[in-house]
Amino acid sequence: MFTVSDDKLREECGVFGIFGHPDAARLTYLGLYALQHRGQESCGIVVADGAQLIFERGMGHVRDAFDEDRLNRLSGQNAIGHVRYSTAGEVSIRECQPFVVTCQHGQIAVCHNGNLPFAREERKKLEQHGAIFSSTSDTEVVLHEVARSRAANVTDAIAEVLSETEGAFSMLFLTPKALIAIRDPRGFRPLALGRLDDCWVIASETCAFDLIDAKYVRDVEPGEMIVINEEGLRSSHPLRPEKHAMCIFEHVYFSRPDSIIFGQSVNRSRHKMGQRLAIEQPADADIVVPVPDSGVAAAIGYSAESGLPFRLGLVRNHYVGRTFIEPKQSIRSFGVRIKLNPVRHLIENKRIVFPAQWDPKLGIHVT
Amino acid sequence: MFTVSDDKLREECGVFGIFGHPDAARLTYLGLYALQHRGQESCGIVVADGAQLIFERGMGHVRDAFDEDRLNRLSGQNAIGHVRYSTAGEVSIRECQPFVVTCQHGQIAVCHNGNLPFAREERKKLEQHGAIFSSTSDTEVVLHEVARSRAANVTDAIAEVLSETEGAFSMLFLTPKALIAIRDPRGFRPLALGRLDDCWVIASETCAFDLIDAKYVRDVEPGEMIVINEEGLRSSHPLRPEKHAMCIFEHVYFSRPDSIIFGQSVNRSRHKMGQRLAIEQPADADIVVPVPDSGVAAAIGYSAESGLPFRLGLVRNHYVGRTFIEPKQSIRSFGVRIKLNPVRHLIENKRIVFPAQWDPKLGIHVT
Amino acid sequence: MFTVSDDKLREECGVFGIFGHPDAARLTYLGLYALQHRGQESCGIVVADGAQLIFERGMGHVRDAFDEDRLNRLSGQNAIGHVRYSTAGEVSIRECQPFVVTCQHGQIAVCHNGNLPFAREERKKLEQHGAIFSSTSDTEVVLHEVARSRAANVTDAIAEVLSETEGAFSMLFLTPKALIAIRDPRGFRPLALGRLDDCWVIASETCAFDLIDAKYVRDVEPGEMIVINEEGLRSSHPLRPEKHAMCIFEHVYFSRPDSIIFGQSVNRSRHKMGQRLAIEQPADADIVVPVPDSGVAAAIGYSAESGLPFRLGLVRNHYVGRTFIEPKQSIRSFGVRIKLNPVRHLIENKRIVFPAQWDPKLGIHVT
Amino acid sequence: MFTVSDDKLREECGVFGIFGHPDAARLTYLGLYALQHRGQESCGIVVADGAQLIFERGMGHVRDAFDEDRLNRLSGQNAIGHVRYSTAGEVSIRECQPFVVTCQHGQIAVCHNGNLPFAREERKKLEQHGAIFSSTSDTEVVLHEVARSRAANVTDAIAEVLSETEGAFSMLFLTPKALIAIRDPRGFRPLALGRLDDCWVIASETCAFDLIDAKYVRDVEPGEMIVINEEGLRSSHPLRPEKHAMCIFEHVYFSRPDSIIFGQSVNRSRHKMGQRLAIEQPADADIVVPVPDSGVAAAIGYSAESGLPFRLGLVRNHYVGRTFIEPKQSIRSFGVRIKLNPVRHLIENKRIVFPAQWDPKLGIHVT
């Protein structure tokens, strides 16, 4: 069911949405907080107050980009938000989501987790027809397509456009009246539906629900579109069905172990991977040492299966960002240096297994 | 020659451009500093380094929005910048110029001083053809038209679009290779051409030249388009000629008295208006008191002509912004209170002439 | 009555105090705003809530150093505040007033406008007795003396210490229960008493009263100490009388023209000085040009007396700080450049009188 | 050897010092970064450039309080720095260390980890003799005593004062010429000496050495005073010997597991504590779950000894500060909520051992 794709870890972001809560912006802020590991380059929140969209975006972590003043400006009962992890694109406020535009279908905001390999070609076509782009993002292409759609309303336009779009997308749209969630037919990126009192909430990972005391209801299904407005929630399946192909890196690396992703506990997946590794790659070693933090569960699994002692041989400084996700190479090098420190007495003169995920930045592989 | 128009003081902004200087961003920063009185809501600078455009924008005054770090990120030899005075539009970073987009003609940045009454209608048409808008600004409409143009290059596209556009515009465009200045055929808003060593500079007012030791060469003429690139400066007149109609408020209120606007000293104009007022509206008064700062020259003229003593009866607190230009009504009210204080011994029991311009915020009219 | 002293323009600061108002911090903020011209290096406010002192200080202008959050932290009905113009001392947060300390007399805060030439010697003596200093300021010496005093209470201690102190001082002290104002026997620096509804207010200049709608009552007299507490205002004269010697630069340069200083209108003084100058130094000139802003009133006086036309030949950019008061030489040079621009058509080929005050930074003298 | 004391977890701070390195401030910044877990309320660095002391202090984390500009202002070859964890004292910039004062012995800066129960009484005595206090800190009392000492120089003064002081102190002093480290005779708080090329470095924990590639040499001994100046390092033992009594919470909770504290690996201590707990408190449970992060090593030890499986049942959000150390109760409550999330599938319907340290904020005890 899981597939290692060609996505090269691109477009690893987090999205969150809520409909019908008087404190929508603040709950979105908390939801993004819980999803911060999915992207630290920039973040943004847009709210709808029934009549119009208002948004605030900023570079860096949620806690730095938002303060009381900014949240207070975001009054409205419906909201979506985004944390971004940059890939090949620019590191700039221009790329920061949610994107908010006005078109013939009114105001539309969008948050996207995924990537659209064919967008670049489409972008050129749109430019030839006179389109202007404010970012380098694939997501802006979708907005153009929606704006150009002759569909009767924005919901139909989104369905129409995305039914013709290949690629990975778990997307949230916000209009002055509705919140729309849609997931590509392969279901490549996660998207979960939850309930907070009488409100619907949607998030990339269920750990965002836990933080705000919302309950996980189910996943948004591959190919499903959910429209939430004052009349309630309506589900449809406007996208052509495809074979499911969920991104294995969500379980291996991206997601938090306390999340349910693709209906399964991430922690359990990692534990099992560690066990499997111990069987497939038995090691003549003294101890198993996890690479914090995503490697802990796998190391426990390896230790459990192999019988080798599990030891905390690398200590992380928690006052820096996550190992994996940082935008610039120069920061990365410094970051690795500042983040992990060995516990010498544990690892000196020992044969060690690091049952780590493939991690291009750390260059650590399973021994 | 001067015309009181229907522009209701809208879109009073300042633009500055420079081509071919190693310190382009910093000189633009200084130019905007000198033009700060034309807009304090937001500001921005875009530079071209020969290959691409880089920009920084921010809310508030130039000195607050820009620091060394931001200026250092703007490396390139060509630059344009903008200070914005908001009118009916939103007070938001979305409205902040320069706008920078990518389209079939490549990257284009634009700064606009003026207003385009017909843009709203055009905007609707564009939306019906699938255009998306990121701001509420008329200026974005021009960018769309340029992007849709089938002209061979961006210069021709700009000429083509603006030759069909009615309204007031003194605009600067920047592309990776060229700086383009264009002024509407009536010449409603000012735009001056200057020289700094071997570089061309362009600004809304000549006071921006003074600050950076550039020399005023001449005005960009009504209907003229100037293209500056590595081959030098080329002038053309692609716009249909119209009767000149320059905005009288530039001389009455907007511009700094040390600027040459429409070929004439602003200070001299104000002095003459004061003299004229003394003839047309002689007052049986004790003293003439100027409303700082734009009213000083007129009050001197009134005093000179009438023989009534000129006295500084209102003192301004210089640690707040200019009287006239502030974005929000709530700030304005506070601002007036905090800005001007009467000198009691001068004005008590006196009959006073305030030869002030019409100023909707102060509610002060000629006695 | 006025004396040009040896103080070399040192220690030009502004102080403000208020007793018994629920919005004490915010009114102090506005008072400092009106006194901003007296010092732009740093500022601070301390409030007493009846039990303890709370303070906030910052570098730069009042409007930059204080925001809603900081003001909200300053809850209490009594407050004093300070704007500082640095002289020989360090430019550092350490030097920022009010100083707040705890000693055997309880908590004491102090704001000082003036200078104490003998403090340096006294400081050495105190150090030899084991005192520690946190700043380079003369004012801290006074605090040490007060702390060491065996007087029965802080009021008596202040009177005792300052009756033995030579120098210029207009000082405000705040304790958890009282506000104390004291002025040196020569009355070198100004200090005015005002009334806002049922509250007493005290400020360096009366323009601070105007802004908050307080009424000027009278000056704190040279040698007078005023103690305001819940029982009301009590005046005494604990300091040895001396010949009055008020600083002439307050009228020439420091103060705002709309203030009453030493019982006289600053604007009227400047006007008279201009007239006197016209008599003593008649000039064979074409026009009189003021050096903004402090030179305007004198230039009007010169023009009135001499009959030479008054013209606004120098224009100031109002988005920078005041000409005279800036801490660092390097900033000054840039500041002069950026602040004043000549109106060419007015001054070219003219013989001009600049009836300016002596201004060491501008290097402009009366012709 | 370890003692559970009455210190109630007060005055848990981190100190770092370096002598003779051209990049002293930046290395101190990194050292404080590694010690951030010991205090997040405020931080500060002071450098000596041979002639004088320069300092910068700020609220919050090291990475937020310091930027390039602030570090660039700190030019000098010798430096000390501090991260503070507030206890009963005020949360205010006044309390922020290093304290820097001038006295008869010249300029002195101090950083303190520890607490001095008798300081409050001494403080009253000093006030009766006329001392003024700028903070509520015990450390300021020591500075007063040093300033009042008749000793020939600052080194002798420090030795004299601290030989009469009871309490816990690991202190660093910086003067324009020397760095002085001193540790109380019981050795209650840690202090380690290291070597970076030709420079001496001193830190609360050895993890600060690891980050900057310095080598751990030895602990500063209980009762030892080390003076480092241009002539090199000189050790003496001016304090009355006492029975050693090191704080057990350093090993249980405060320190990082990768540090060597009191000559022993913190990780090993925790592992052993977990093993001991498994023997003394065997549990009829299904799994062992650590409370991140300080409880991981103990949980591994418990699991190893008991044979119960070790599972990661609580996940921490790494984008917030450390569990234990936050200044305000209101923040703490929010913090616990936002920091830890259970992995449901692991802990539901399980009997669990949390081999946690006593943690007053989490309220989690060994089951």
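Should a chain be cited, it is by its letter among A, B, C and D, assigned in written order, with residues numbered from 1 in that chain.
Throughout what follows, a contact is a pair of C-beta atoms (placed from the backbone, for glycine too) under 8 Å apart; a residue touches a chain by one contact, two chains touch by 3 or more.
Predicted, not measured: the structure shown is a model, and the values here were computed from it.
Q: Which neighbours do chain A and chain B have in common?
A: none
Q: With respect to inter-chain C-beta contacts, which pair, C-D or A-D, contains the greater number?
A: Pair with more contacting C-beta pairs, C-D versus A-D: A-D.
Q: Quick one: chain A and chain C, Cα centre-to-centre, how many Å?
A: Inter-chain centre distance comes to 57 Å.
Q: Let me have the rounded angstrom distance from the C-alpha centre of chain A over to the C-alpha centre of chain D, please.
A: 37
Q: Give, as an integer number of Å, the spacing between the C-alpha centres of chain D and chain C.
A: 44
Q: Of all residues in chain C, which are in touch with two or more distinct other chains?
A: Nothing qualifies.
Q: What pattern do the touching chains form: line, ring, star, complete or other?
A: Ring.
Q: Under the stated contact criterion, what part of chain C meets chain D in this complex?
A: Counting only chain C, the residues touching chain D are 94, 100-104, 127-134, 136, 143-144, 147-149.
Q: With touch defined as at the start, can you tell me which chain B residues reach chain C in the complex?
A: Touching chain C: residues 30, 33-34, 36-37, 40, 61-63, 207, 210-211, 256-258, 265, 267-268, 293, 296-297, 300, 303-304, 309-312, 315-322, 337-338, 341-346 of chain B.
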